[in-house]
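Note that the chains are named A, B and C in the order they appear, and that numbering of residues resets to 1 at the start of each chain.
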Amino acid sequence: MSDPRAQILGKIREIRGRGALSASNRHMLDTRLADHPRNVVPARADGPQAELIVQFMDYLGKAGATVLRVPKRSDVPAAVAEYLRDNNLPGRVRTTSDPEIDSLPWSDQEMLERTEGRAEKSDDVSVTSAVAGIAETGTLLLTSGKHTPTSLNFLPETHIVVLSAQTVVGSYEDAIDKVRKQGQLPRTLNFITGPSRTADVELTMEMGAHGPRQLHVILVDN
Amino acid sequence: MDATAKSFKDQAKDGLENATLQDALGKLGFGFPLLRQMAADGLPEFDALRDQGRDIKNHVLEHLDYYLERFEEQVTGHGGQVHWCPTDGDARDAILKICQEARAKTVTKGKSMVTEEIAINAHLEAHGIKAIETDLGEYIIQLRNEPPSHIVGPAIHLNKEQIAGTFRSHHKELDPDRSLEEVPALVREAREVLRQKYIDADVGITGANFLVAETGSSIIVTNEGNGDLSQSLPRIHIVVASIEKVVPTLEDACTFLRLLARSATGQEFSAYTTFSTGPKRPDDPDGPEQYHVILLDNGRSDLLGTEFQDVLRCIRCGACMNHCPVYTSVGGHAYGSVYPGPIGSVLTPALAGIDQSHHLPNASTFCGKCEEVCPMRIPLPKMMRYWRERAFDQGQDPVAARWALAFWATAARWPALYHFGANVMTRLLHFMGKREGHLVRLPFAGGWTRHRDFPTPERATFQSQWRKRL
Amino acid sequence: MTSSDDLPPGDAAPAEKRANVALFVTCLVDLFRPSIGFATVKLLEEAGLRVSVPQGQTCCGQPAYNSGDRKNAMAIAKQTITALEPFDYVVAPSGSCAAMISAHYPDLMRADIQWSKRARAVAMKTFEITQFLVDVLKVEKVDARFEEDVVYHDSCSGLRELKIKSQPRKLLSSVDGLHFKELMDEEGCCGFGGTFCVKYSDVSNKIVDRKTQAIEASGAETLIAGDLGCLMNMAGKLSRAGSSVRVRHVAEVLAGMTDGPAIGEPQPDE
């Protein structure tokens, strides 16, 4: 019993009064994993898309994020530039390089300097895409990948997320289904609900603990 | 684990006399229950989720070997590595070995109770590796060399002046004339100081709120984002998790996630919930090159199949302590153990031995509030009673209390004698205190009369009066 | 007292058909405040029941049970079960003792098939007084007068183990002249906890202090609750703090037996 793995597993089996599981039992459990059935999903995660979008924006706001709804994708770079101006931020953004972001008409904004790639300490503002918006609690789902480094979601002080309204879903499970459909699970799934915060000093809520102080979502209708 | 749970009474007294702590506990005991209630009321399915969460955990505990094996398969399949650790010492060794092989100089840490349990920081320090806590509360208490006083808010026992003092004495490189009066300034300073640490660290250590057997993922839930920086910037990510953290599927994880934040802080969802699966993919521009999971048993499997098994359902939300009249009176340090409050009173005897911690399960009024709010419906009072039985069987309780109990129990088993003796005592006490209506002092009842008067009994026992009525 | 239901047979029924109720008086009421016992008897008799006080009862065994002394707890439980099983119902003026019998005896006896069966049978017919009046006898109101502003404290065992919340309030609101005040954290523990209050006296003091401050702040003249342990704890603290708030058991108020001194008040010679 010197193998620690055998030691732990052996002890569990001994307490359960059995060896490894019987084939039929194992099959039952394998099936449960393969089917990964849903449990109770709150009713609020179900509804017409238009209502889910409103609910998503509402919860996102309650979580301390700001949301701007724009009619079309080509409005995004201007909206980013305007947000930076309004908040006295430098005209420099670090962005993901996925088509969702890359294909936006950035060159329309001459004053805006854009670079792509993972975040560095000196980056103040990031602009990223998201896989889904989740209406249940106003949560964004972002995944890591070749064009979407995770550090952009945490290192800069301001995080701007560009999200297409049609990607708003009801529940966490709905969002996870989208990821499952893409094949192998990415290294990182980030469910983000508002900016970084802490209440560790005198239970006083303070934004911008380690992650972004501002989370701004630009929701694109079409 | 430190064995100071023995001096609970002294530590409780310190807590009761600490005005800063009392202020904090007042806020905590009022605010958190209110926020939790609002969150629970706002979700009609809350209780159904609790039932389902409990059932899923029970299912996992019944088939724990299966789910751990499946979890390992998936971690390995994604290029990660699982380290099975029967004891805390095994876990320390495994972590140290990974750090040494990577020639690590510094480690940043996300908030993790289990790493407190295995006391990894001191072990790494002893081998020349600097471990830096990055959760603001944990960072503060690490600088002060104190244990956490709450599993969610480790530094709630401190006020901002104390924290400012700590920062001034540790952040010597900063301008000594800077202003640190207000909370935002403190938060900003910690942010700036820690930022470079994440970037410089060789290894990031996090805990896990859940492990997912289906995918081999580890899940962390935070509000600050420090755990994410710790697990995505350094070259190596080590997850430390105890064996009961495994859940079957991503869908099952969703059920627990809906309960966790609402129970802990009353939030709809914490700011950051992150699923990590294996090391970075070959094309990924960032993320760790190595992904290790330390699977810690440390006495948990001993609880399987016993009357204490249900405690393994715990998801560490802290609701039991936020609602506990004892915790909110004495604070977390009184418990002298890593896990304070009702959950600690059940878990600590299991981890440290009841002989080291018999006060903890005894120091409860059995009010039942903890069980009422526990998202996993853990019958905490019942399990505290089971520990009391073990402590009693081992003779852990004070001799005087034992004798008093034995005397009383013997009397109670002889009704005629009991009724006679009771009436004598009642008449005596009545005579002593009828004029005032209460007794200010009473022999053998100093515990009562030190703080309150003792209401005088009526003239004779009910039984004796009833017999006369018949 | 009026009852909307005819179960069990009330006043009109012939004596032999009346339900036999055992009063489990509880050791604290027996020792310290028999008037609560008599008030309970009065409420039960007015509801048309025949009340007995089995002599074989002493205490429900909680002090042993909660101290981890299972052996003595079981011995006392067996004695109590034997004393109570001949009756149709068992009623106690305490949520804590009623819960001990109805919620904990079966668990305590679980290892012994014979005794566990007997424990379950007694458990099924054991009730706290307000619970019995409202849930079993379907009593809607009482005939009593108490012209005071009151707060009601929910004792933990009754509240969480027996779900006693609405019953005492329903009956109390039918008492003439009684007016409810709002009590902050009315479901919060008073810090009594049986032997806890002497074993961990300083902690208990902190908890009861918080409680009595809330009671003071409510502006109530009288504090009412259903468990004498909690009442003595809070009365003792209020008295030590020099408060003028009086303290009474719910049964006394419902039975209209509030002429005598409240808990902890001077008792004139009889």
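Some observations on this one:
The criterion applied here is as follows: contacts are C-beta pairs under 8 Å (C-beta built on N, C-alpha and C of every residue); 3 or more make two chains touch, one makes a residue touch a chain.
Fair warning: this is a prediction, and the values are worked out from it, not measured in the lab.
Chain closest to the overall centre, judged by the mean of its C-alpha atoms against the mean of all protein C-alpha atoms: B.
Of all chains, A has its CA centroid at the greatest distance from the CA centroid of chain C. Between the CA-based centres of chain A and chain B the separation comes to 29 Å, rounded to the whole angstrom. Rounded to a whole number, the gap between the C-alpha centres of chain A and chain C is 54 angstrom.
Rounded to whole angstrom units, the spacing between the C-alpha centres of chain B and chain C is 34. Touching chain B in their complex are the following residues of chain C: 25, 27, 29-35, 37-38, 53, 55-59, 61, 63-70, 72, 75-76, 79, 83, 107, 156-157, 159-161, 187-189, 191-210, 232-233, 235-237, 239-240, 261, 263-267, 269-270. Chain A contributes residues 4-5, 7-9, 11-13, 15-16, 20-21, 25-26, 29, 32-33, 36-44, 59, 62-63, 117-119, 121, 137-139, 144-146, 149-151, 153-155, 171-173, 176, 185-204, 206, 208-212 to its touches with chain B in the complex. Against chain C, in their complex, chain B makes its touches with residues 9, 12-13, 16, 325-326, 329-330, 362-369, 371-372, 382, 385, 387-393, 397, 401, 405-406, 408-409, 411-413, 415-416, 418-419, 422, 425-426, 430, 434-438, 445-448, 450-463, 465-466.
Remark: chain B residues 24, 27-28, 31, 43-45, 48-49, 52, 56, 62-70, 78, 84-86, 90, 134-137, 140, 153-156, 158-160, 163, 183-184, 186-188, 190-191, 194-196, 199, 213-215, 217, 223-226, 228-229, 232-233, 243, 248-252, 254-255, 257-258, 265, 267-281, 283-287, 295, 297, 301, 304-305 touch chain A in the complex.
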